[in-house]
Amino acid sequence: MAILDSKIPSGPIEKKWEKHKFESKLINPANRRKYTVIVVGSGLAGGAAAATLGEQGYNVKCFCYQDSPRRAHSIAAQGGINAAKNYPNDGDSVYRLFYDTVKGGDFRAREANVYRLAEVSSAIIDQCTALGVPFAREYGGLLANRSFGGAQVSRTFYARGQTGQQLLLGAYSALSRQIAAGTVKMFPRSEMLDLVVVDGHAKGIIVRNMITGKIEAHAADTVVLATGGYGNVFYLSTNAKGCNVTAAWRAHKKGAFFANPCYTQIHPTCIPVHGDFQSKLTLMSESLRNDGRVWVPKKKEDCGKHPSEIPEADRDYYLERKYPSFGNLAPRDISSRAAKEACDDGRGVGSTRQSVYLDFADAISRLGENTIRERYGNLFDMYHKITAEDAYKVPMRIFPAVHYTMGGLWVDYNLMSNLPGLHVAGEANFSDHGANRLGASALMQGLSDGYFVLPSTISNYLATQPREASQKVTVDHPEFKKAVAEVEARTNLLLSIKGKRSVDSFHRELGLLLWENCGMARSEESLKKALAQIPVIRDEFWKNVNVLGSANDLNQSLEMAGRVADFLEFAELMCLDALQREESCGGHFRVEHQFPDGEAKRDDEKFAHVAAWEHNTEDVSKSVRHVEPLNYENVHLAVRSYK
Amino acid sequence: MKAIISFYQSSIGKKWIVALTGLVLVGFVTGHMIGNLQVFLGHEALNRYAAFLQGLGELLWVIRGVLAACIIVHIITTVLLWVQNNAAKPQKYAVNNPQAGSIGARTMIVSGLIIICFLVFHILHFTALSIHPEWKLWEDPDGRHDVYSLVIAGFRNPLESLFYLVGVFLLATHLSHGIQSFIQTLGLRSRKIAEPLTTASPYLAGLLFLGYASIPVGVLLAQHLNLPILQPLAH
Amino acid sequence: MSDTINLTLKVWRQPNASTPGKFVEYPAKNIPTDCSFLEMLDIVNETLVAQNIEPVAFDHDCREGICGMCSLVINGVAHGPEKATTTCQLHMRHFKDGDTVYVEPWRAVAFPLIKDLVVDRTAFERIQQAGGYISARNGSAPDSNSVPIPKQNADCAMDAAACIGCGACVAACPNSSAMLFVSAKVSHLALLPQGQPERTRRAVKMVKTMDAEGFGNCTNYYECEAVCPAEIKSSFISMLNREYVFAAAREAVSEI
C-alpha cells in the first residue's frame, strides 16, 4: 500500500494541519532564492501560489497560455467564495463547513484535506480583503454574506456577480507585485507540453512559446501544476475555449496518477444549447436559485406553449416537490439530474425541448423588480445578450452543462503527486471535493491551495533537494533534450498529416460522444460504447486531421490540435474510470445504481476509495487502477439526503 | 524644479497645464465679452471702461503678459500633446466610426490654430489699431479715446464682421469641448456639481458666441435699419 | 431553428509585425443569427481550413465576456456595435443580411501586432506591475471586518474594479490613451482604506509607466467610455487626474 501514501498526519482532525506545519521541514529565508519553483497556470491556485512563493523568497517561474495571468478561467466564477467566518451568526463553524463539504462531496473526499480547507477558509477572506478585493458590504460597512447552493447557512462572500474575477485580480495584483520585485518571472502565451522527470523526480517542463513557436526547456527544483480541469473534453462546457487537460495528461504519462477522472460536475443553471455552431456554454451563477423557482409543465402538451399560458396548477416545481427542505437550492448534481429527468420525460421547454424554466415572477412580486435587478442584474443582462429574452418578463430557460471536474491528478496531504517533486493545486488535483463540489467551494479551494497550503508544504519537498547550483539538474540534462525532441517531433507530426478534417470537428465528435455516453447519466452499455468509439476517433484524428500553418509562429490550430489529441487519450481513461466505479456518487451517476425513487446509490462497501490510475505507455485501456481507501473518522457515512 | 519638469513631462501634467491656461483664457474671454457688451449702453459706458483699462498702466501690461504667456503655453503644450497622440496611433481604422467624441472635441487643434490667426488679426484690428491708424486719434466729447466709435466703424465693414463671426464661432466650438474638458482634467467631474456643469458646457459656449456675435450683428442692423443705438460719433 | 444571414467580411490579415498586412475578403455564409461574432469567425475559419487556407488568428478564451481576451474592432468600433458588450458576447442578430463587416485588430503603438487580429497587450502588465497592488504580505491580514468600509465606497471601488483589461479603451481612443484602464486600476485601490498607504506612489508610478509605454494622452473624447464592455465611467479618469496631481505634489513636497 506504500504506492499511495496520503501522508495524512495523525491526531485529532482539528490538530492535523497545525501539527503538520510544525513537523514540516523549513527552508531558511536566505536560502529560498536558491530554489526554483515552476508554477504552471496563473488562476486562483497558480497565481496565488506563485505570488506567495515569490513573496517567501523562492525563485518562481510562472507560465500561462493566455496573454496575461489575469485571464485565467477562475475569472469567470460568478457566485462567491465560502468561508466559515460565521459573520451572520447562523450556526456556521469550521466543523460545519467541513461536514457540509464532505457530505456534499458524497463521502468521496479525504477528510483531513477538507478539514484543512475549512480551517483556512477564513484567512482567505482576510487575505483577499487586504489585497483590495471589493467584497459586497452592508450599509454598516461590514461584509455581506449570502447562502449558496446546497448550504443552509449564509457563508458565501461575493463581489457582485464577479467574485472569481475580483479574487483573481487580487491574486494577480499580488503576483504583479512579485514580478516587479523580480521574485517571479512570468511567461505568458506559453503552453506546457511536457513534464521532465529526472531520476524519478519532476525537475522541469517543456513549453511552447506561442508567439515564436519555439520549444523551450525550463528546469526547477519542483513543479506546481495549477492548470485547471478537463471539462472541455466534452467540447461544450462552461470552461474557457483554451482550458485543456494537456499539462495534467502529460504529467500523467510521465508517471503521475490520475485520480477519479469520472467525477465531472454538471452545473444546473446554464444557458441552453442553441445550435450546432455553439462553441461553449454559459453558466449563470446558481445564486439565481436563491430567488428563482425551477419548473416544467406537468403535461407534455403544454411544453410548446408560452409560459404565461400555463396556469399555476399545471406547473411542476419539481425540485420543491422532490426536495422540500432544500427546494430550489438542492446540490448541483441533484438539480442537474432532475432537469435531465424532466427533459427525458418529454417535459422540457424551448425550441429544442432541452431546457427547464427558472422563474422569478414570485420573487419579483415579493421583493420588487429593483431588488432582483440589484441582486442579479448582470446575470439577467447576460442572459438577454445571449438569448435576446427579457427574464424580468418571461422565465429564464436553463439546462445543465459540464462545469467543473472534481477528478484530477492524485496528490497527498502536501499536494504532491505520487511523482516526487510534482505538486498539483486547484481544480487540477482531485483532493477536496470528492464526487461533487458544492457551490462557492472552487474559489475557496484554489485560494486555499495557492495562498496557504502549498506555501507551507512545498518546503517539505524542497528541503530534501540539493541547494547548491552545482548539484542541480539543468536543462542540459539528457532528459530535457529528449523531451524537447519529443515535443518537436509531435508538433511536426501534427502539421504533417494534412488530412481532410479540422481539429474542431474531431473535438465536437468526441464531445458529443462523451456527453451522450459519459455525461449526466452513465451505464455500462453507454460507457462500453464510448470506450469502443474513442480509439476509432483517435485513429482517424492522427490520420486525417488538417492542421495548417507553421510551427514557428502563432498557430491556434496547432495549439488546439495538441490539446484535442490529449483529450482523445484522456477521454478513454475517464470512461474507464466511470465503468469501473460501479456505484452512483455525486456527479457520477450510474443508471444501474439507483434507489427506486431515482436517487444515487452509493456502494461504500466497495467504493469508499479514491481510484488513482497509473498510465500504461502502450495502451490507455490497460491503465492500472490503484486504490486509496477513504477513512471517515469524523463524519459518518450516510445516505446523502436533501429531502 | 525637477518635480516641475517631471510633472510637465507626464501626460496628466501637460493636460493640467492646458486646462489651467485654458481656464484663465476662458475667464478672460468671459470678462472681455461682458466689457464689450457695454457697447450697447452707448459711448459713455464703453469709453469709460476703455479708459479705466488704459489707466491701469503697468498692471495692464502685467495682465497682457499673463494672458500672452497662457496662450503661448496653451499652444505649445497642446501641440506637443498632438504630436505624441499622433505617434501613439499611426494607423487609423478602415472605417471611421466615432461613438462619442463631439465635433468640437475632434477639431480642437484646427479650431485652436485658426483662433490664433483670428486673435492676431483681432489685436491688430482693435487693440494695436495698425489696420486703421487714424482711429488712434479719435476722441469722444469727454476727451477719452473713442473706442465706441471705432468698434462700430470696424464692424460696419461686412468682411471684417464676417471674419469676426467665424472667429468667435470657432472659439465657441473650441470652448464647447474646452469648458467640460477642464472640469474633467482638473478632476472635478466626480463631484456632484460637475455633472450639470459638464452638460452645460456647450450651452455656456453658445452663450459666449451669442454675446460676442451680438455686437457686429447689432452694428450692421443698426446701420441698415437706422436704429437709434450703435451709431458712431462724428469724426 | 434560428434565422441565418450572409455577410461579406473584410478581415485584416498580417503574418507578423514586420510584414505589411492587408484586408482580405471572405464570405460568411448561412450564419445563424443566434451565434456570437466569434462563433461566426469559427464557422468562417472552418470553411478556410476546408480550402487549405490558414484560419484567421484572433484572441479569445472565456467567451462569456469576462476574461478580456477577445479584441476585435468591428466596422471601426472596438468590440462592435453593441454597448457594454465584448466581441464574444456580440451576437449576429445585430447584423443584417448582406452587410459588409470590417474586422481589424486593436491599433495602437503600445499594442504591437502579433498576427492577424492578435496584438500584444503586455504594456498593461507593466503598468499593473508598476503599482497596481496593495503590498499585503500573505498571512498578515487583519480580520476583514476590522475596518468597516462604507457601502458606497465599496460599491464605487467595485465599479472601477470591474475593468476586464481588454484594452478596448486604447483601441477606441483616437490618441491610443490608456487613461480609462489606468484610472480604473488606480481608483479601485484609492477608494479603499487598504489602498491608502501606497496611494501616492501607486498613482505616480502607474502614470509614469503608462506614459513610457507609448500610450497617447487623454483629450476627453470619451470614446473609451462608449466602447467599454465593463462600463467603466470616464469620471474615473477625472478622479485619476486629481489623484495624480495631488500625488505628484505630495511626492514633490516630500523630496524637499
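Labels for the chains are A, B and C, by order of writing; each one numbers its residues from 1.
In this text, contacts are C-beta pairs under 8 Å (C-beta built on N, C-alpha and C of every residue); 3 or more make two chains touch, one makes a residue touch a chain.
Predicted, not measured: the structure shown is a model, and the values here were computed from it.
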item: Chain occupying the most central position, where position means C-alpha average; value: C
item: Farthest-lying chain, centroid of Cα atoms versus that of subunit C; value: B
item: Separation of subunit B from subunit C, taking each centre as the mean of its C-alpha atoms, in whole Å; value: 38
item: Subunit A-subunit B separation of Cα centroids, rounded to whole Å; value: 64
item: Whole-Å gap between the CA centroids of subunit A and subunit C; value: 27
item: Residues within subunit B bordering two or more other chains; value: none
item: Sites on subunit C touched by subunit A in the complex; value: 1-2, 15-16, 32, 34-36, 38-39, 42-43, 46, 49-50, 52-55, 57, 59-69, 82, 84-85, 89, 91, 93, 114-115, 118, 120-122, 124-125, 128-130, 132-145, 148-151, 154-155, 157-158, 161-162, 164-165, 188-189, 192, 194-195
item: Residues of subunit A that touch subunit C when the two form their complex; value: 51-52, 55, 66-68, 70-71, 73, 75-76, 85, 87, 123, 125-127, 129-132, 134-143, 159-160, 162, 165-166, 169, 172-174, 176-177, 179-180, 186, 188, 211, 238, 240-242, 274-275, 277-280, 282-283, 351, 381-382, 385-386, 388, 451-452, 455, 502, 504-505, 546, 548-549, 553-557
item: Residues of subunit B defined as touching subunit C within the complex; value: 2-4, 6-7, 9-16, 81, 84-85, 87-101, 105-106, 108, 177, 180-181, 183-190, 194
item: Contact set on subunit C toward subunit B in their complex; value: 10, 23, 73, 75-77, 102, 104, 107-110, 172-177, 179, 207-208, 210-211, 214-223, 225-227, 234-245, 248, 251-252, 255
